[in-house]
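Each remark here refers to the structure printed beneath this line.
Every chain is named by a letter (A, B, C and D) in the order it is written, and numbering of its residues begins at 1.
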Amino acid sequence: MRTVRIQQSPFSYGDESDAFARQAGPAGAVVTFLGRVRDEGGRLSAMEIEHYPGMTERAVTAILDEAMARWHLTAGLVIHRHGPIAPGEAIMMVATAALHRGEAFEAAEFLMDYLKSRAPFWKKEFGSDGAEWVAAQDADEDALRRW
Amino acid sequence: MRTVRIQQSPFSYGDESDAFARQAGPAGAVVTFLGRVRDEGGRLSAMEIEHYPGMTERAVTAILDEAMARWHLTAGLVIHRHGPIAPGEAIMMVATAALHRGEAFEAAEFLMDYLKSRAPFWKKEFGSDGAEWVAAQDADEDALRRW
Amino acid sequence: MIDVLYFAWIRERIGLPKERVETTAATVADLVAELVAREERYAAAFADTRAVRVALDQELAEFTSPLAGVREVAFFPPMTGG
Amino acid sequence: MIDVLYFAWIRERIGLPKERVETTAATVADLVAELVAREERYAAAFADTRAVRVALDQELAEFTSPLAGVREVAFFPPMTGG
């Protein structure tokens, strides 16, 4: 079972995790990751995520398909929001289910590394110093090399 | 916030994940892991987990304390069941929260590796071939060497 | 005619998210050269092409990629999802 | 007097989860030797001590560890949690 949702609306980490585990089949291991807006010690008042409708769904689905094939996942999920998001709110989550824990963990880390620099999302931060586009980190690009 | 629960009763992965994320403070990254009883293609009818009351809580708390210090977690959680558990049911979960995803993932994997071979739990499987204690795997012991 | 899309700070510098462009450019690099020659705001957006990524019909591509048969070109900064 | 606890298949082979033992054994290995000399079921449980782990007062220890001051000794197979 493969699920990709690109949406503006908030989602419930608990409800999504629960629903994912229920439909994950005979998997012994489920890993979920939740990414949230940090408040950077109060300096960040909001974040806005721009994306590329159409390409986003294609790119995320391709990344998830690769992870599912490579680590023999019984289920995989990516939810990623766009639009305005407040500090503390969820930005995105991934979930992986596999027979063994090593596969579920590796697939989840792979998904995060690829979503970070290969899915067409751009973060803009609004804070007390004004608005600024988040710069890509060399470390994020380097993270892809291990896969 | 550090939570260790050793219990016989089932737990809800969704509710626990949600509650964990809510109290995880300014963490940008939350990782949760759910371990379940596999049905081994229908050959397994039940599992029973024996533990060492007293030592279990001490050992699990020590492992979680080490993970929280080493990866600067803002919150950490381990729930582990004992007693009879049916195929498909949850055995245990861990959750970690950190500022960055790398720390949350590493801490969760460390916790799993250590819980697997350093917390006093023993699994007995009941199946069509009778009952058998699960043997420890050399690979589980090897997994500790990377930390 | 080709659809050209801009995202994030590239969209902000050029001042629009999308336009139709009449071009006979053979490659992405040729198209960029045409745009840069048009107006200062394009020159500003493409001042450092190492900071610009390109997709052709919604697949990541290179500046050397040919444009033959392509209907949609998108320019954007390195992605920051997750 | 010392409390001795057994878990999993070691408990099953010996046939009880816990007993109080009168001993002057200096180390864990000495205690195991005393138990093995008692009855066949202890010999069966400790036949391969590479497959037996020990905890002293709820902390993992070695067969060479001294028993002085220890109140609770536990014997069990390699753990299989998680």
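Structure notes:
Methods note: a residue touches a chain if its C-beta (ideal position, glycine included) is under 8 Å from a C-beta of that chain, and two chains touch if they have at least 3 such contacts.
All figures in this text were calculated on a predicted structure; none of them were measured in a lab.
Shared contact partners of chain A and chain C, listed by label: none present. Using mean Cα coordinates as chain centres, the one most removed from chain A is D.
Chain centres here are Cα averages; for chain A and chain B they lie 23 Å apart.
The centroid of the Cα atoms in chain B and the matching centroid in chain C are 49 Å apart. Spacing of chain B relative to chain D, judged by their CA centroids, is 26 angstrom. Taking each chain's centre as the average of its CA atoms, chain C and chain D sit 72 Å apart. Each of the following residues of chain A touches two or more other chains: 35, 101, 112.
Residues of chain D in contact with two or more other chains: 82. Chain-to-chain contact here is organised linearly: an open path runs through the chains from one end to the other.
Contact annotation for chain pairs lists A-B, A-C, B-D, with touch applied as defined. The residues of chain A lying in touch with chain B in their complex are 12-15, 17-19, 21, 26-39, 41, 88, 99, 101, 104-105, 108-109, 112. Contact residues of chain B toward chain D in the complex are 35, 49-52, 54-55, 58-59, 80, 91-92, 112, 115-124, 133-136, 141. In the complex of the two chains, the chain D residues touching chain B come out as 5, 7-9, 11, 55, 58-60, 74, 76-82.
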